[in-house]
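Below are the structure tokens for one structure; questions will follow.
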Amino acid sequence: MQGSLIDSLARQGITRRAFLKYCAMLASMMALPPSAGRAMAEAMATARRPSVIWLPFQECTGCTESITRSHSPSIEGMIFDLISLDYQETLMAAAGHQAEEALHATMKSNHGKYLLIVDGSIPLGMNGAYSCIAGRSNVDLLKETASGAAAIVAMGSCASYGGIPKANPNPTGAVSVSDLVKDKPIVNIPGCPPIPVVMTGVLAHYLTFGALPELDAKGRPKAFFGETIHDRCYRRPFYDQGKFAKTFDDEGARRGWCLFELGCKGPVTYNACATVKWNGGTSWPVESGHGCLGCSEPDFWDGGSFYKALSMPADPLKLGGAAAVAGAAAGVAVSVANRVKKGAAKASHEKATLADLEK
Amino acid sequence: MDALQFLTWVRGPGLDIAVGIFVLGVLWRLIEIYTLGRKPDLAEARHAAGASGWHTVFRRSLPPPGMMKRSPVSYIGGYIFHVGLAIIVFLFAPHILLITNLTGLSWPGLPSQFVDLVTVVTMAAMIVVLVDRINKPAKRFLSTFEDWFTWAVTFLPVLTGWMAVQHLLLPYTLMLAIHILTVEILLIVLPFTKLFHAFTLIGSRWYNGRVNGQRGVPV
Amino acid sequence: MSLDAIPVHVVNAGEGGLSGNAPPLLRELLTGVRRLLSDAEPSSIDLTALPLTPADLDWLRDTLGQGEVRVTLDANGESSLDETACPGVWWVTHRNEQGAVVAQFLEVAFVPELVRAQVEDIRIGSAYLESLMSENPSARSTAPYDEEAASCRDL
Amino acid sequence: MSASLEKGIHALKEVIDAPIASYFNSCVHCGLCAEACLFYLETGDPKYTPIHKLEPLRRVYEQEYTLLGRLKKWTGLSKPVTDDELDQWQELVYDSCTMCGRCSLVCPVGNDIVYMVRKLREGMAVSGHVPDGIKGAAKRTVEIGGPMGLKWPAVANVIKKAEEATGLTIPVDQAGADYLVLLSSMEIVNFPEYLEALAKIFNKAGITFTLASDAFEATNAGIQIGNSDLARVIVSRIVDAAERLKVNNVLSPECGHAYMAVRWEGPNLIGRPYSFKVVHVLELLDELRQKGVLKVKDKFKEKLILHDPCQIVRRGGVLNAPEPLVQMVAENYIPVADKQMWNWCCGGGGGASAIHTEEAEALRAKAFGIKKRQIEDAGVKTMVTFCANCRIVMEEAIDHYEMDTQLLGLTELLAEHLED
């Protein structure tokens, strides 16, 4: 399905003006200057649509659903059409050998130019036997496809950091894309699932400027993952005033106070949920009364209970009892030894005489 | 090991170990010290008002006449950072939260901006007292490695705590983890260094007051 | 119980006072307007990207005042493009389907870019006009951008 | 059987107790005890910081009575106390410490430093590290009867002269008297007027008293050296005499450490409470004053200040008796800033005055600086006190600085102005 985006958009009933408005909003959200908005509009409208390969590995299709917005098609969904999604098992009509051929055809024809989107973690256990497509392990498939990719987008926490499959005890030996592929530019879009607009923002940026956006230390686009949820949270004033909800339905919770005490991981999680929100700006976890789980951070699943406050120690008095007994025992042992020594010294006391004063 | 795992370890097993060693150390040392015993004083006591162990335990917190003039830095600096530490630990909202989680006791805290100010003043006082320890001949002469070490072990938690709250230098996750780590070091070190004066001070002042009170001198 | 049932009175930290970042914008607008007059070059300021508190925005809105033209654009949520008291300076506010403000700009131009009809849209509009004039009713499409019709075409 | 390091350590192991353990664990090295010690203040030498004087005792405590200390000793981290270290410390524990106790009142964590100096001296004594002066005094007291080697005939002669001067009889070995009067050698030799004053006052007050031919000496060099065995021998003489003569009270004379020895350390030395009371002459005079028995016919005119001897006032607890007595007999008594339990030491107590090495005397002269300033600030020509040793030490220092300050004993002053 070739041809420029603007033709297909028009057929979807999206006017050029609507598209321009969307680009302006996207540029503003990515903290790009307004002029970039217009540049994005031109670039995306006329750009030859890059070929994209979507490789699903150990994933739950949550990311696909979140990105393709299957429940409410909108501009973002259309933008997603902007790319010629040549291989996406869930969405493509073809299956079996036909699908494989489409994949290899795309890889051959667009070698070095296509964008590879990886969804899900890659199991290394039993040398990759945990997850295979057409008899070939994910590891091989990834390596082969990555070699010809211009850039790789790790979609969701699984692809970015290993996510839930990698959680303790990690039976399948799951790893993230960046653990395997070292020689290609990789952008991680963590989140379980990730925020749709982040995906389209990265694609728009890639199309307009032909490069991946600026990334942070963990390979995430700074425009969306530069700040912690806590710093952007609308309940932050309550945190500063020490107003905390104690239980999920107490007076504090009803008043919309801070959920710090209920285990919110906002302070340690970098993501854009607090500003961009979910489901088309309807709400986001904290606004709906539940603490942030920190799903865009590595190994969030093993970061301690979701309902234990960050500054709260897990169970510091666990060793307390044993320590008290051991301490008392050590103390008593030394005191007995001291008494014996002092008693012996007193017993062997020789009455001092004047002679004892002379050397 | 990234910041969140480090924080989880420090909050979890790290703190368990630290609190364990702290409890073990305190009990061991208290028993080791106070079971050495004391011979009763057979001399006939002189009864004078205000001359008893417990009076001294509280009175000795005030500067004796004329001493404030001789070394104001020790006294004023000392009061400020001790009171400051108390305010930070017991009247700062997240700390009260911590204590409530452990003991169930809860009380209102001070506004966090005020505690921030107190923290800065406390750190300033500690630095002044450190400089005094370097400059004053008697103090410097007495100082061993333990004095500089215990100063650092007490100063770091305050600094890192303040930096965590102010989001300075390092991301909050890492700084909070470092803060908790420095607190753990303080807990582990306390019973085995001069910081144990926090506990033995009561005993020492009581003995001093008792011995002199027997002779009718309200020290 | 819907979300807005929660009696939340959000005390935004910056609500109290002005952050002082608004006044310098007037100077930037002035240079923009001069450039518009001298070399007919439009420009715009992205307000959401600037650290402006709600109080700043209100101050700005009161200062710039109300012009004669108010444009409402219904495309993917409502947008309003109002002329301020200073002709050529337009206050553009975009909202999404839920009505939440997603972007705000101060555009210095003869006419805001979005108000101008776009060439592609006009071309599609002309096709629609032709269909109106054709005889048989079935060929007449009901609207230039018929949502349902579009979605049934192949993706 | 000579002194040795082992005996010294052994003695320390006997005396280390819970207070000492608590003190060493509380010390935060804040240096405030130095700010209260006249030897540090006048010399500015940090080695005179009181807590530093206890370093050997601290190491013995740590190595013998704490688990970590034992480990440190076995691993060589903590060096055991050596003989020449004790030798080095002799100057700190004796020459530059009069056991005046001011540091104990000032320590913010409540360490009773003078209590620990007293214990450390137990170890110093039997390890042979005691200044010769005090050693000689102890030898003479144990063998002959008093630090100056006085025997009873010398005392009898002073009694005879006192009887001639006052025309009153001074009973000796009189059973059943109210008070057994003790004298310090200093008074017998330098201030015999003290006995006459006592005779007059007792006569006026109608109190029966006696001396004991076998227990006339109040001082206790054993306490000054810091050897409890010798101190027990010395103080037992007084206890036996008092119990033999069945007196109700023993009167401790105008001498500092004598009061500490008899009143406060005595019972603990002999291991049982006394069957009689011990009263300091000032306490008795104050009692008589309150009863109105003690009246003066005229008053001492010139300006004077009062020196409160440390062992009697700060450490002995005779806090409030002296001042009213002085106010009764002196026209314009000027109270000094640091008085009663906050007074400054004369620099010679705790046996220090018996050390006649050059350095010790120079040190004492320097330490007197603080007392000199008190006198000069008050602008007085006369100072009254009630400890013979203080008077001797300060008179020497006054000559050293060529000051024209006159020193008076409070009891004699009262006697001179007593109503006939």
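As written, the chain order gives the labels A, B, C and D, with residue 1 at the start of each chain.
The working rule: a residue touches a chain if its C-beta (ideal position, glycine included) is under 8 Å from a C-beta of that chain, and two chains touch if they have at least 3 such contacts.
What you see is a predicted model; the values in this text were computed from it and never measured.
Novice: Going by the stated contact rule, which chains contact subunit A and subunit C alike?
Specialist: Per touch definition, common to subunit A and subunit C: zero chains.
Novice: Taking each chain's centre as the mean of its Cα atoms, which chain lies farthest from subunit C?
Specialist: Measuring from the centre of subunit C, the most distant chain centre belongs to D.
Novice: Comparing the two chain pairs, does A-B have more C-beta contacts than A-D, or is it the other way round?
Specialist: Taking the two pairs in turn, the one with more contacts turns out to be A-B.
Novice: Chain with the smallest distance from its CA centroid to the overall CA centroid?
Specialist: B
Novice: Could you state the distance in Å from the CA-based centre of subunit A to that of subunit D?
Specialist: Comparing mean C-alpha positions, subunit D is 79 Å from subunit A.
Novice: Distance between subunit A and subunit B based on Cα centroids, please, to the nearest Å.
Specialist: Between these chains, centre-to-centre, one finds 41 Å.
Novice: Cα centroid separation between subunit B and subunit D, in whole Å?
Specialist: Comparing mean C-alpha positions, subunit D is 38 Å from subunit B.
Novice: Determine the centre-to-centre distance between subunit B and subunit C, using the mean Cα coordinates as centres, and give it in whole Å.
Specialist: About 61 Å, centre to centre.
Novice: Touching at least two other chains at once: which residues of subunit A meet that condition?
Specialist: In subunit A, residues 240, 330, 334, 338, 342 touch at least two other chains, as defined above.
Novice: Return the residues of subunit D touching two or more other chains; collapse runs of consecutive numbers into ranges.
Specialist: Touching at least two other chains: 16, 65-67.
Novice: Between which chains is there touch?
Specialist: A-B, A-C, A-D, B-D
Novice: Spell out the part of subunit C that touches subunit A in their complex, as residue ranges.
Specialist: Answer in residue numbers: 3, 6-8, 10-13, 44-46, 48-49, 73, 75-76, 79, 94, 96-98, 100, 102-103, 105, 113-114, 117-121, 124, 145-147, 149-151, 153, 155.
Novice: Which bits of subunit A are touching subunit C when the two form their complex?
Specialist: Result: residues 1, 6, 8, 10-18, 20-22, 24-25, 27-29, 31, 33-34, 38, 73-75, 81, 234-237, 240, 254-256, 277, 280-283, 287-289 of subunit A touch subunit C.
Novice: So in the complex, which bits of subunit B are touching subunit D?
Specialist: On the subunit B side, the touching residues are 28-29, 32-39, 41-44, 46, 48, 56-57, 60-61, 64-67, 70-71, 74, 78, 136-144, 147, 192, 194, 196-197, 200-201, 203-209, 211-212, 214-219.
Novice: Flag every residue of subunit D that touches subunit B in the complex, lowest number first.
Specialist: 16-23, 25-32, 34-36, 40, 44, 46-47, 49, 51-52, 65-68, 104-112, 115, 263-268, 271-274, 277, 314-317, 319, 337-338, 341-342
Novice: Considering the complex alone, what residue numbers of subunit A touch subunit B?
Specialist: Per the stated touch rule, the residues are 228, 230-231, 240-242, 244, 261, 267-268, 294, 297-300, 302-304, 309-320, 322-324, 326-328, 330-332, 334-335, 338-339, 342.
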